[in-house]
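Please find the structures below.
Below, chain A partners chain B and then partners chain C, in two separate complexes.
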Partner chain A sequence: MITGFILRALEGKIVAMIVVLVGIAILVPALNLLTPPDSAFHIPTYAMALFGKYLCYALLALALDLVWGYCGILSLGHGAFFALGGYAMGMYLMRQIGPRGVYGNPVLPDFMVFLNYKELPWFWYGMDWFVVAMAMVLLVPGLLAFVFGWFAFRSRVNGVYLSIITQAMTYALMLAFFRNDMGFGGNNGLTDFKDILGFQVQADGTRAVLFALSAIMLALCLLVASAITRSKFGKVLVGVRDAESRVRFLGFRVENIKLFTFVVSAMFAGIAGALFVPQVGIINPGEFAPANSIEIVVWTAVGGRGTLIGPIIGAVLVNAGKSFFTGAFPEFWLFALGGLFIAVTLFLPKGIVDTIQHGFRVRKAMKAAAEAEKGRVGTDAVNPSAAQAAE
Partner chain B sequence: MLIRIISLIFIILSFAAPAFAQSGTDPKPLIDALAKADFAEAETLIGQIAATGDPKVVPALDAFSEGDLYFRKSDSAVFIGKTGDAGLELIDPLTGASAGPTSKSAVTKIRVNNNLRRVIDAAKGGLTLMSPDRGVRLAAADAVLASPSPENLALVEAALAKETDSEVKARMQEARAVSVLSSDRSVDEKRDAIKTIKSLGGRNALGILNSVSSSIDPSLKSDLDSAIGSIEAEQQLWDMVQNVWYGLSLGSVLLLAAIGLAITFGVMGIINMAHGEMVMLGAYSTFMVQEVIRTHAPGLFDWSLAIALPVAFLVTGAVGFVIERCVIRFLYGRPLETLLATWGVSLILQQTIRSIFGPTNQEVGNPSWMSGSFPVGGMTITWNRMWILVFSLTIFFTLLVVMKKSAYGLNMRAVTQNRRMASSMGIRTPWVDALTFALGSGIAGIAGVALSQIDNVSPNLGQSYIIDSFMVVVFGGVGNLWGTLVGALSLGVLNKFLEPSVGAVLGKILVLVLIILFIQKRPRGLFALKGRAVEA
Partner chain C sequence: MNTIAETRTKSLLYLENVSVSFDGFKAINSLSFVVEPGELRAIIGPNGAGKTTMMDIITGKTRPDSGTVLFEDSIDLTKKDEADIAQLGIGRKFQKPTVFESHTVWDNLELALNRDRGVFGTLFYRLTPEDKARIEEILETVRLTHRAEEYAANLSHGQKQWLEIGMLLAQEPKLLLVDEPVAGMTDAETAETAILLREIAKTRSVVVVEHDMGFIRDLGVKVTCLAEGAVLAEGSIDFVSSDPKVIENYLGR
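Moving on, here comes the complex of A and B:
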């Protein structure tokens, strides 16, 4: 049954994207590690780290696409799930520092010694085990999404209102994590990581593995998301997006459908955060900023929502643009980003991927119409709306 | 020599007698006696000098406190010394007449220490009670109230007997009561004093009563405790009132920030993420107006805000109009897309302002009528907070009248309620849309003028208000101006009541969580528009 579930996920462009991602997962680390630095094919470590970051963002955008593109829930709080996953990973990495911190305390991380903690807060227990930490990466965002969604979907908070309260959620979390006595390092967040599973975080080999993992994780999540959206459940999901009341009147429990999708999406975001932190080397409350969450929406919108591969492309493109602009013309990045927001909503409401697909379909339909015309000369007039009808 | 010793004995003896007995005696020998007195004797002498009640001794006491009092070695006469061109100029301590210059070696400085300075200050407080100037007397009574001492009692009573001004008299009575408590007067007199202090109220009275509670006569203990209890209860009430005031003040800021959004989001349904930037543009308009006034007409500075109001309204209204025409009108019916587009607009506006004015805070001045404060009962209210409250309510009610009573408001409501019907009736709906958005933006700009007075004017100004504004509008109920008013004020008060117990940040987090929970309960806010639509 599960294989059937997975096999159904394998549609042309999804397969293509997965192949590309696996290819990247193998090729980029290989080019980084195996070629000499002066070779034309060499990929420097910083470029790999940068690209690894984009892949994490891509996974985050994919997570948002699942709820926004397929379920119609525009979450302005996905940054919170991302950051929570990141914090879970960060806590594990902090515990791995052990006595090598500035203060040399074998148990307490540096910031706790600095803030006069006498012992580890209860929620730090067990975070030195990788398995526990990874479970938390999934559980904490999942649980938050479950509780939040349970209340919100049950009382039928939707549309704009839901967007605004998700924004309030991430804003409240940001304020909370900025507090020193929350036990998460306050303003400075968690940083200065040394080891992950005994390997040096900064080492080229570790970075290569992390990069490959990001790409593979993205491919896996894409597979799962595709399987979900192409299953019967996925059809209902689209129904919820387009005509929620109708689906409810047909007897489906809309709130459960939404809740499931929201939780899965939050977990994806958590994974993205966990992969992001060791590659970037820091997690701080700034990740909870509402502006970050809105930016995720733009990546998804640029790529094309409801396409799964669109958000991946969108996230990589927008972030590559950001890296380029902030390096070359720092003044203009916000102009470019703002302009992108407006241009995409006005001229590319379906995003890059869908627009291209649309173009292909129109051409195909026109070709078919032309064939039909040739075949049936003089019988009846060509339906001028054949292109639209073929969609 | 003998005379001096006798006079000294006389002085020391006379100290034991009631101080007011000395009223009217000549202070001259007392001042001269300072020449050879040690610190302890000087302290008694200062009491005596003050007890003469002669305001003429004040310059001498001042000079003593400053270390400018000298005595001539030849005849031990005491003078105030002023360092001039020709050595030291001697001045008679009482008449102020010059006694000519002298060399520094001919005189000796009378030494003073901090303890003596304190005694002098207290003595002067008593002395100025007799001043012919009403303001000085009032200040003196306040000084005695603030630092009561039994030595002043006689002076206060003497002054009280002569006092005619009712306000000063009341203040002096309080001052007397305070002094009585620390003196060795009879129990009955002290009981009356406690009553007077009780009616005085305030933190100061509480402090005085608490300070004497250990040394007071046991028979007065119950009176004292009840007085302390009642003052504390009153104090608590004032603390409450203070919290409510702070809450209303915060609420008025929230109202200001949210009121424009109540139009663009509440009435039109546009998720206007650029709303905060409209507030920011309003603040920058104020800055520009003040800059122009500073360079061209500094005399108009007090009018700068009044001038800035229409300027800000027009500037932000025009920007809003352009945004509506160029971006938003293509997005009606797609609320989530407007969110993205307006966010883009907000980024561009922020960066534009940053490129023009730089990322740092701009200085916006307060006109004189906005600075300072005034006391109300047990608390002080600052003028700028007061004006902002008044201002936000004025805007609110003006807007309400425009919406309910004007033809334009009628058109606006018609378009938002049923666009096609309104269009059929001949209303130019696109025009109304554009004007409504411009109105909402313009009001945000006006809010920016007021907020520039209490917040940093930087490109990020709007960012800090946007989430709060949305919370207020959603909490109050979309499409309902009254909801925005009630929402803003109640969120402000709630915030300020949470703050003392949990801290500012946690209070804010709690408010956010409460709003999130509240929306679950009433997804359409406090005052939901009634309707039968399944999907709004």
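Moving on, here comes the complex of A and C:
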């Protein structure tokens, strides 16, 4: 059952992307660690860290594509799930600092000592244990998505209204996390990390492993997303996107379908956040900013929603562009981003990947038409498995 | 009301004194209506008579303000939602053809099949030989075998209507509600649809809403004329179309 589910995921483009990601996971760290700094093939650590960050964003865009591209839920709050995953990881990293903090308190992180905390808040218990923290990376975003989705989908909040409340959700969380008495470091967030599983966070070797993990997790989540979208469930999802009432009147519980997808997507975003934090070295409430969530939508739209591959490419390209622009012409980045979004909406409404695919399809169709004219193609074949294999 | 109540025990669908109003406007006005098992029934009536609203009530989309809506004499449909009612065995074709345009004809039917509709049931679903045969049979019935691999978006209007009827068949309903199936169809398609619906009605109850009087004659079944949310007349097409109230409210206009 499970094997069939996974095997179905292995469609040409997905396999290609997974191969590329695994290749990157091996090659980039190898070139960073094994080549001398003056070699033409050397990848400097800062570049690897930057690219690692893009991979986390790519996973975040993939998460959004699952709900937006396939189920039609335009979440403008996915940054919240990313940030929560990041905070869970950040809490683990804070607890690893131990007595090495400025105040030397063996249990309390510096900001708690500074804010006169007498003891660790209950929700910090167990977060020094890696397994617990990693469970929280999935559970906290998943639970928030579950509770939020339970109410929103059951009361059939749709379209713009749903987008607005997702945006309100991340905004509310941002305000909450800015407060010192929330116990998450307020304004400054969590930073000054030292170790992860006993390895120095800043060490080249650790960074290389974190990079490789980001690429591998992205590949894994892509596999899962592909398995979901290519199953019958995935077809129902697209049905919900295109004709929700038809799905209902066929006897499906649309609210459960949306809820499942939303929760899986939130967990993907949480994983992305958790991988992001040790690589950039900080998590603060700014990650909840509504603008961040909107940027995710831009990456996804640019790459092409509903394609899984597209948002990954879109996230990497847009963020590479962002790094370039903010370095070269910092004042123009927002205009460039806005302009890009408008250009894509106007000229490539299906995003980069789908536009390219469409080009191929048109060529294939033209070829097929030419052959049909020659009378060589019989069109009565009714064999879905053969057609699917040919796709 | 006695006569209606007497028919209840052997009814498949039973509506009694159903009313619903939207912002004070009575779209359905103490409507009573009975469908027997295996019956094919046509419903006519002017625009705004409440035909679609009646289907909304039966399928759980709209809750009536008052009245009784029973399925198989025991199940209170007013307490259920769309998914429950569909699973009970009531299928519905919308007035505007609604199929999944970005799926193939085959996939449209596969989704509609009466199988486990839960999240995990669909995640791990595999097409069985039995399901494959069933889909092929339905394709045959709705005359779409040669277009099975076509995206539904590329079908003609009439073919979309048939595909939607095919999806309802895949649901294996006991009762099929069909809202204006021949609107926008060519004459040939309309005649073909009448044959199709009669074929379908051999094994289940069907309620067809239609404006096209020629089509209704082709069906040759009991007709109910609705106007202003209530039944105006009921009987054979000749009986109904000679009723002075029907002529005044509907045919005469």
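The working rule: the second predicted complex is superposed on the first by the 372 of 391 C-alpha atoms of A that agree within 3 Å, B and C clash if a C-alpha of one lies under 4 Å from a C-alpha of the other, contacts with A are read in each partner's own complex, and residues count from 1 in each chain.
Following the convention adopted for this analysis, a residue touches a chain if its C-beta (ideal position, glycine included) is under 8 Å from a C-beta of that chain, and two chains touch if they have at least 3 such contacts.
None of these values were measured; they are calculated from a predicted model.
S.K.: Using the touch definition from the top, say if A:Phe252 reaches chain B (first), chain C (second), both or neither.
M.R.: second
S.K.: Pick one for A:Pro349: touches chain B only (first), chain C only (second), both, or neither.
M.R.: In the superposed model, A:Pro349 contacts chain B only, not chain C.
S.K.: Is A:Phe260 in contact with chain B, with chain C, with both, or with neither (first, second, both, neither)?
M.R.: A:Phe260 contacts chain C only, not chain B.
S.K.: So in the superposed three-chain picture, is A:Phe151 touching just chain B, just chain C, both, or none of them (first/second/both/neither)?
M.R.: A:Phe151 contacts chain B only, not chain C.
S.K.: Which partner reaches more residues of chain A, chain B or chain C?
M.R.: After superposition, B is the partner touching more of chain A.
S.K.: Look at A:Leu175 in the shared chain and tell me whether it touches chain B only, chain C only, both, or neither; answer first, second, both or neither.
M.R.: A:Leu175 contacts chain B only, not chain C.
S.K.: Between chain B (first) and chain C (second), which, if any, makes contact with A:Met136: first, second, both or neither?
M.R.: A:Met136 contacts neither chain B nor chain C.
S.K.: Just chain B (first), just chain C (second), both, or neither: which does A:Ala58 touch?
M.R.: neither
S.K.: Quick check on the output: what are the common chain A residues between the chain B footprint and the chain C footprint?
M.R.: 245
S.K.: For the complex, which residues does chain A have touching chain B?
M.R.: Listed in rising order, the residues are 74, 148, 151-152, 154-157, 159-161, 163-165, 167-169, 171-172, 175-176, 178-179, 244-245, 290-291, 294, 297-298, 301, 331-332, 334-335, 337-342, 344-346, 349.
S.K.: Tell me, which parts of chain A touch chain C in their complex?
M.R.: Its residues touching chain C are 1-2, 4-5, 228, 231-233, 235-236, 238-239, 242-243, 245-246, 248-254, 256-257, 260, 379-382, 384-385, 387.
S.K.: Residue numbers of chain C touching chain A in their complex, please.
M.R.: 59, 61, 82-83, 86-87, 91-92, 94, 98-104, 106-107, 110-112, 114, 117-119, 122-127, 136, 139, 145-146, 148-149, 167, 171
S.K.: Which of the residues in chain B come into contact with chain A in the complex?
M.R.: The touching residues are 269, 271, 273, 327, 330-331, 334-341, 343-348, 350-352, 354-355, 463, 467, 470-471, 474, 505-506, 508-509, 512-513, 515-517, 519-521, 523, 534-535.
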